[in-house]
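Given below, in the form of C-alpha cells, are the structures.
Common to both upcoming complexes is chain A, partnered first by chain B, then by chain C.
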Partner chain A sequence: MTMVQEMNDRSTPKRPEDKLTIWETLRRRPEMVTLTILVVICVAVSIINPNFLQPGSLIDMGRASVVTGLFALGVFAILAAGGIDVSFTAIAALTMYSLTKFVITVAPDLPMAAIIAIAVVAGALLGAVNGLLVHGLRVPSLIVTIGTQYLFRGILLAFVGTVWLMELPPQMTAFGKAALYQFQGANGVTVDLPAYFLIFPVVVGLAWFLFDRTLMGRAIFATGGNPEVAARLGYGQRVVHVFVFAFAGALAGLAGIIHVSATRMANPFDLVGTEIEVIAAVVLGGARITGGTGSVLGTVAGVLLITVVSNTLVLVGIPSTWQRLVVGAFILLAAAFFVRRKQKPKQRKAE
Partner chain B sequence: MSKLDGNLFVLSVLIVLLLAVGGAASGGNYLSIYNLQSMANQVPEIGLLAIGVMLAMCSGNGGIDLSGIALANLSGVASGLVALSIFPVDEAPVLFTITFAGGCLLIGMLGGALNGFLISRFEITPILCTLGTQMAFTGAAVVFSEGRSVMIGSPPALYDLGNGLIFGVPASFLIFLGAALILGGVLRFTPYGMKLMLTGANPKAALFSGFNRDRILITTYALSGLMAGLAGVIIAARNINVKWDYGTSYLLIAILVAVMAGVRPDGGYGRVVNVVLSAITLQLLSSLLNFVGFSNFVRDFAWGALLLCFLAVNRFELVDQFITRFSLGRAARAPKN
Partner chain C sequence: MSDGHFLELRGIHKRFGGVHALRGVDVTIDTGVAYHLLGENGCGKSTFIKIISGAHAPSEGEIVLDGQAHGELSPIQSLEAGIETVYQDLSLLPNLSVVENVALGDQLVSGNGRLMRLLNRRRLRETAREAIRNVGLEPTAKLLGTMVGDLPLAIRQRVAIARAIAADARLVIMDEPTTSLTRHEVDALIELVGKLLERDVAVLFVTHKLEECYRIGGQAIIFRDGECISQGPIADYSRAELSHLMTGRELDTMRYRKGTPQAEEVLRVEGASSGAAFEDVAFSLKAGEVLGITGLSDSGRNEVALALAGHQPLSAGHFEISGARVHLDSPADAIARGMGYVPEDRLSEGLFLQKSIYQNEVTLILDRLRGRGGIVDKRKGREAASKISEAMNLNTGNIDLPVSALSGGNQQRVLIGRWLSIEPKLLVLHGPTVGVDVGSKDTIYRAIQAMAERGIGLIIVSDDLPELLQNCDRILVMNRGRLVDELDAATTDENRIYQSMLGSANEAA
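And then the complex of A and B:
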C-alpha cells in the first residue's frame, strides 16, 4: 500500500511540493490529525473558560480516561486484526462484580496484587471464549460478541447477583484512594492524582511494544490487512483471533477492577452501554474499522479527544444534551475523512 | 420450490412446540385469547426493526443497520413535537394521528436514506456509519426533547392503532404483517429485490452487470429506515410517552431475530417470512420464560445462548445435513421394501 502511494507521488509532480508533503504526512499518520484537533480544542476551551486548566478538572479528565483508555487499547487490538468487539464491557462487569463478591465472602485477606492478577486472567479467559467463537463460527465478530455480551451479562445478573456492593474490602478501597500527588485547588480543596492512574501509561507502553516490536504485532496487522494472505504467510489465524480477544478481555478485567476501586462500590449494572463511546475513541484515533491500520499513540489521542469533548461541552456553554449529537457527528466526520485518505491512491491510478 | 427451506421448517416446528409446551405448563392459560393477543401486540416493534436489519444485511459487504431503534425514537420524538405544535390533540385526534404517523414515516425514511447516502457515496463501513448515525439520531432526539419524554397522550385514532383489535387480532400486529407482506413481495417480484440479493451475493459481479450500486444501497437503507419509522408510530401508539432512550436492548434483539431467521450476515440471502416467524418464536419463548417465573436476566442469558446456537446451526448447516441424511436414509431404505 505505502509503496504504491510513494510511486504515485513521484509520478505526479504537478502539485506544489510543500502542500503535498503536508497531505502525505496526514495521510500516513492519521493520529497526527487527531492530536492536532485535540490541541486545538484544548487551546480553544482554555481561552473560552480558563477553569479548564485547573488541576481539578484536568485530574477529573485523567481519571475518566483510565478505564476508557484500557478498554480502547483492547478494542484497538481487535480492530487492527479486522474484527470488532462489543462484549468487553460485559466481561469487565462480570469480572469485577464476581471477583469483588468472591473477595468479600471467601477471601477477605487476598492481597491487591493477587486480585488484579485474577481479574486479568479471568478477563483473558472470557475474551478467549470470544476469540474461539469468532474463529470457529466464521461469522462477523460483531454478531458473535453481541451474543456473548448478552451471555456474560445474563450470567452476571441471573446467577451472580444484582445487589450493589457498597462495602468494599479494605485493600481495594486503599488501592482506589492511594494518591500519587496532591494538588491544592484554587478554592482550597485538595485534589489527588490517584496512583492507579499510573497503570494507564504502563499498559500503553506494553501495548506499543506488543504492536511495534513483536511478531505477534506483525501478525495482528497482517491478519487485519488481508486474512488470506496472512494465513499463507504462515500466521496462524486461530492464534491471532484468540490472542486479540484474550488481550482485550484481560484489559477489560483490569479496567473493571480499577473502576470498582475508583468508584468505591461494585454496581453490576455499570459499564455495559459505554462500548460505543470506546469504539468511537479508537476510530477517532485513526484505526480503520476494516482492520490492518492504526497505532497505539492514535488510540490514546482518540481516548483523550473523546474525554475532553464530553467533559468540556458544559465548560464552554454547550448544554450537556448536545453531547451525543456532537460525538456522533465526530464519528461520521472521522469516518468520512479517513476514507478519503484511503481512496486517494485509487483515484490517482484511475487518472 | 424444489428445496425445503430449513429455517422455515425449524421455526415452524419451534412455534408449534413452544405453544404446546406453554399450554401444557400453564394449564391452558398460555393459550388463552387474552395472552395470545398480548403476545401478538409485542411482536411488531421488534419485528419491524429486525426486517430493517435483514434488508441491510442482505446488501452484503458488511451491511448492517445499528441505528434502527435510535431512528424509531427520533422519528417519534421529532414528529410528536411537530404534530403537537400544529394540532391540539383533544380537538383533532384523527388529523393529529395522520400527521404524526406521516411525520414518523418521513423522518424514518430520510434518516435511512442518510445512512444509505453516507455508505454508498463516502464508502463508510456500514457498521461504523450506523454506529455514528445511531449516536447522532439519539443525540438529535435528546436535543429536540431536552432529554425529557414527550407526552403524546392517547388520542382515540392513535390508541386504536396500538391497542385496537380487528376481528380479535391486534391492529399493530396486522400492520406488521401487512408491511412484511408488501416488503416480501417487493423483494421477490421486483427488479430491485433481485438486484439487492445479487449485489449482496457478489458485489463485483453486480458492478460489472451495470447495477446502480448507490441507488440500491440508498433504497435499501431508506426502506430499513421506513420500517424504523413505522416502529416509531407503533411505539408511540402503545405508550403514552415517547422518549429518546426507549428500548435500548432492541438493537441486539433485532439482530438476534434476523440471525435466527437465517439471514446471511455476509449478504445475499434473507426471507421476510422467516423474520416474521423468528420474531414470533422469540416472543413466544420470552413470554414462556415469564410464565414459568424466570427473571428478565435469565432471558438475557437465554438470548445470548440462543444467538450463538443459531450461529452454530447455520455455520455447520446442521438442519440441511439432518434433512439430507433423513431423506437419504429413506431413499436407501426404499428399495428394500
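And then the complex of A and C:
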C-alpha cells in the first residue's frame, strides 16, 4: 500500500462502513509504528536531558543520518523488489576512493557538480552489474552481492590503493564545509548546518515520486509481491532488476562522495561493514525482507530511529556499549509485530 | 472480420521435443459465448490455452484473430486483442491494492510495457471503480485500497475478472475457477459469467466440474490426447457421453465401495466442540469403514477434519482411538496415534513440490529409516517409496521426479500414498479429488477402497456428492456446526443429501 493512495482514501468523504480501524491502519501502514516509537523516544530523551534539543546534537544526528539514509533508500528499493544487497557499501567505497584519487591526480579542477554526477553514474553502473548478474545467473541476490562486495572491495584495495587520502581537493573540502545556516549554541560555540544535508530530503522526495508516481515504482512492488505473476502481467523483470540495483548503486556512489567530503578524507577501509545497520534501518521502517512491502516514509523513520538510538543513549546515561542491545531488541520487536500484522484477526461470521 | 469469428485456430500442432502435445486442433471462438474446455489432465488443454495467450508458439498451424492470420501470438498481441487469462493463482499481486491490480495493466499495455512512465493515478482509480462495479462489488475507498492478499478468495476472483473487464477483454479464459470456492461463491461466479457474456465477452472455462458446465451452458470443446475430438452445445451431451469422450472408456457410475467394515471400532468422537465452528459432534468409525462427512463450506465440516488432524484442539468433548481417550494438540500428536490427514490444498499444505517423489513419500518415516549414527538409510527409504508408488498405481517409473512435474491426480496419489508408509489406523481425506481429472479420480477411488480393505478407517470430508455416494458406507451431513443427518450411502441419493445440507431453515442456495 502506498502512502499517497492512503492519504487520498482518507481525504475522500466516507460512509461509516468505510472507516478503517486503528488496527487496520497499522496493518496497512507499519511505518506509523516506527514513527510513533521515534517520537516517543525523542520526547522521553528530551525530558531526561534537554541537551538533546540543542541545535548541536540535532545537527549531529542529521549529519549522521545522511549517508545511512541514502544507503537505506537504495536498499529499500531492492527489498521492495524482493531482493537484498550487501554490496552497496563496497560500491560506495570503490567509487569515493577512486574518484577522489582521480580528481587529485588527474583532474584537480573538476567542478563539484561534475564530481557528484560521476559518482552517481559510476555507482549506478556498478549496481547495474549486480542487477545483470542477479537476473542473468538466476542466483539469489544475497549470494550475488556477497560476491560483488568482495569483488568491488578487492578491486579497490588491490588496484586503486590502500593509503588514506588526507589532502582532499579543495572543491570537495568546500562542499563538505559549506554551511546552510549557522547556529549559536548555548555555550557560545557555533554549529553549522551543512549544505549537503539538503541532498537527503531531495533524494527522499525523488524516491517517493519514483515509487508512487511512476509505473516503475509499481513494477518494483509487483516484482517483490510475486515475480512470476509480475512477469506474466508484462512487467519486464530484467528492467526492474537492473533498475533497482542501479538505483541503489547510484545512491551508494552519492553517499560515498558525501562521506568523503564530510569526513574530509578518503579512507578505503571505510563504510564496508555498515551494511547490516542499514538493512536493519530499512526493516525497522516496515519493509519485509521477503519483498513487496515498505515505504519511503518508513525507511526514513527507520533511519532516524537507528540514528537517534545510536546518538542519544549517552545523553540519557546509558552506556554506548548498550547501543547494539537496544537496536537488536527493536529489530526483534518490529519483526514480531510485522509477523503478527500479517496474520489477520480472525473474522468470525456476522450471523 | 470477414467471417465474423473472433478467434479461429486452424490445424494447430505443438511439439515439445519428442512429445506431441497438440495434434491438429481446430477450434473457433466467438464473442458472447461460453466455452468449456474438457479433457483429462495431460490432454493438451493447458498447451492450448498457452498458445492462445501467447505463452507458447504453435509448431504448425495458424491463428486467425479478428480475421487476421498469425503464425503465432506474442503475449502483448494477445493482451491487446483482449484475451485475458485468469489462471488458478489468479495472477494477482498480493501486496498491491485492488485499484492497482485491476487497473495497472491498462496503463502498462497502453505504454507497450515501458516502465519509465508516469502513473496516471486518477485514470487508475476511475478504471478500477468502473470495473469493480461491473463485477458486482461496491467500489468503496476501503475495498479499493485493500491489498489483494487480504481479501477472501471469492473476492480475489472477482478482482481478477474486474481486471479482465478493465482491459476491455473480449475473451476471458478461466482455469478451473471454481476449484476452491464454496457453493454460494460458485453461484456468484456463474452469475458474473452471465454478465460477461451479456457484455459480448467470450468465456473459456477449463474445468473438471461437469455440473457447472451444464449450468452455464454454451459450447463444449472436448480434448483427448492432444486432439479436439468433439465440439458442440454442451446440452447435447450427456454426462456419460462426456466422460466417455474425455477418457475414451466407459466410466461406470457404479459404487466403488464393495467391502464391509470390520467389527473393531477405531474412532469414537463424543460431544466434540470447537469454539463457534462446530458443536456437540458425535460419531464412531470402524476399522475398514469409509465414512463421508459433508455439508456447506461453512457447516463446520472442514473444522471437524482439522480437529481430527490435530490442527485445532477441541474446546469440549473428546476423541477415543481404539477405546483410549486421546487429546490432540498438534498434527504430531495425531500422527503419533496413527491418525493421518490428507489436506484439501495439497499444493500449499501437503507436498514439498520441489522435492522428489521419493523424498515426499518418506517424510513420515524418516525416524524409522534412521540407521547408525542417525543417517537416513536411503536404500530402505527408496524401497518403501517404490512400494508406495506401486500401491498407489503412480504411472511414473521414476521416483526421483520432482512432485511439481506431476499432474494433479498423480500429486494427490503421492500425498495419499505417503500415509501408507506408517500404516495408519485412521486416515482423514479432505477433498481427495479436488482439481483432479476423471481418470485420476478412478485410481484414487480404487486406492481408497484398497486402504479400507487393509483395515484402515477412512473419513472423506468432501462436497463432491457423487464421490461420497460411490465410496462410503455412511454419510454424515453437517449444518451450522452440528451433525444433522446420517445416511446410508448405498441407498440414499444426491437430492436427499442436499436437503440435509441446506437444512429447512436455510434459504435455498
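What we mean here is this: the second predicted complex is superposed on the first by the 324 of 351 C-alpha atoms of A that agree within 3 Å, B and C clash if a C-alpha of one lies under 4 Å from a C-alpha of the other, contacts with A are read in each partner's own complex, and residues count from 1 in each chain.
Everything below uses one rule, namely that contacts are C-beta pairs under 8 Å (C-beta built on N, C-alpha and C of every residue); 3 or more make two chains touch, one makes a residue touch a chain.
The structure presented is a predicted model; accordingly, all values stated were derived computationally and were not measured.
Touch criterion met: A:I155 reaches chain B, while chain C stays clear of it. By the document's definition of touching, of the two partners only chain B reaches A:V327; chain C does not.
Shared-chain residue A:G224: touches chain C; no touch with chain B.
Looking at the complex, you find that chain C touches chain A at residues 75-76, 79, 87, 89, 91-97, 99-100, 104-105, 107-109, 111, 113-119, 121, 140-142, 144-145, 147, 149-150, 276, 298.
Of all residues in chain A, those touching chain C in their complex are 1-2, 4-6, 8-9, 12, 14-15, 17-20, 28, 212-219, 221-222, 224-226, 229-230, 232-236, 239-240, 243, 292-293, 344, 348-349.
Listing the residues of chain A that touch chain B in their complex gives 84, 133, 136-140, 142-144, 146-155, 157-159, 162, 273, 276, 279-280, 283, 289-290, 321-329, 331-332, 335-336, 339, 342-343. Of all residues in chain B, those touching chain A in their complex are 62, 64, 118, 122-125, 127-129, 131-140, 142-143, 146-147, 248, 252, 255-256, 259, 265-266, 294-295, 297-305, 307-308, 311-312, 314-315.
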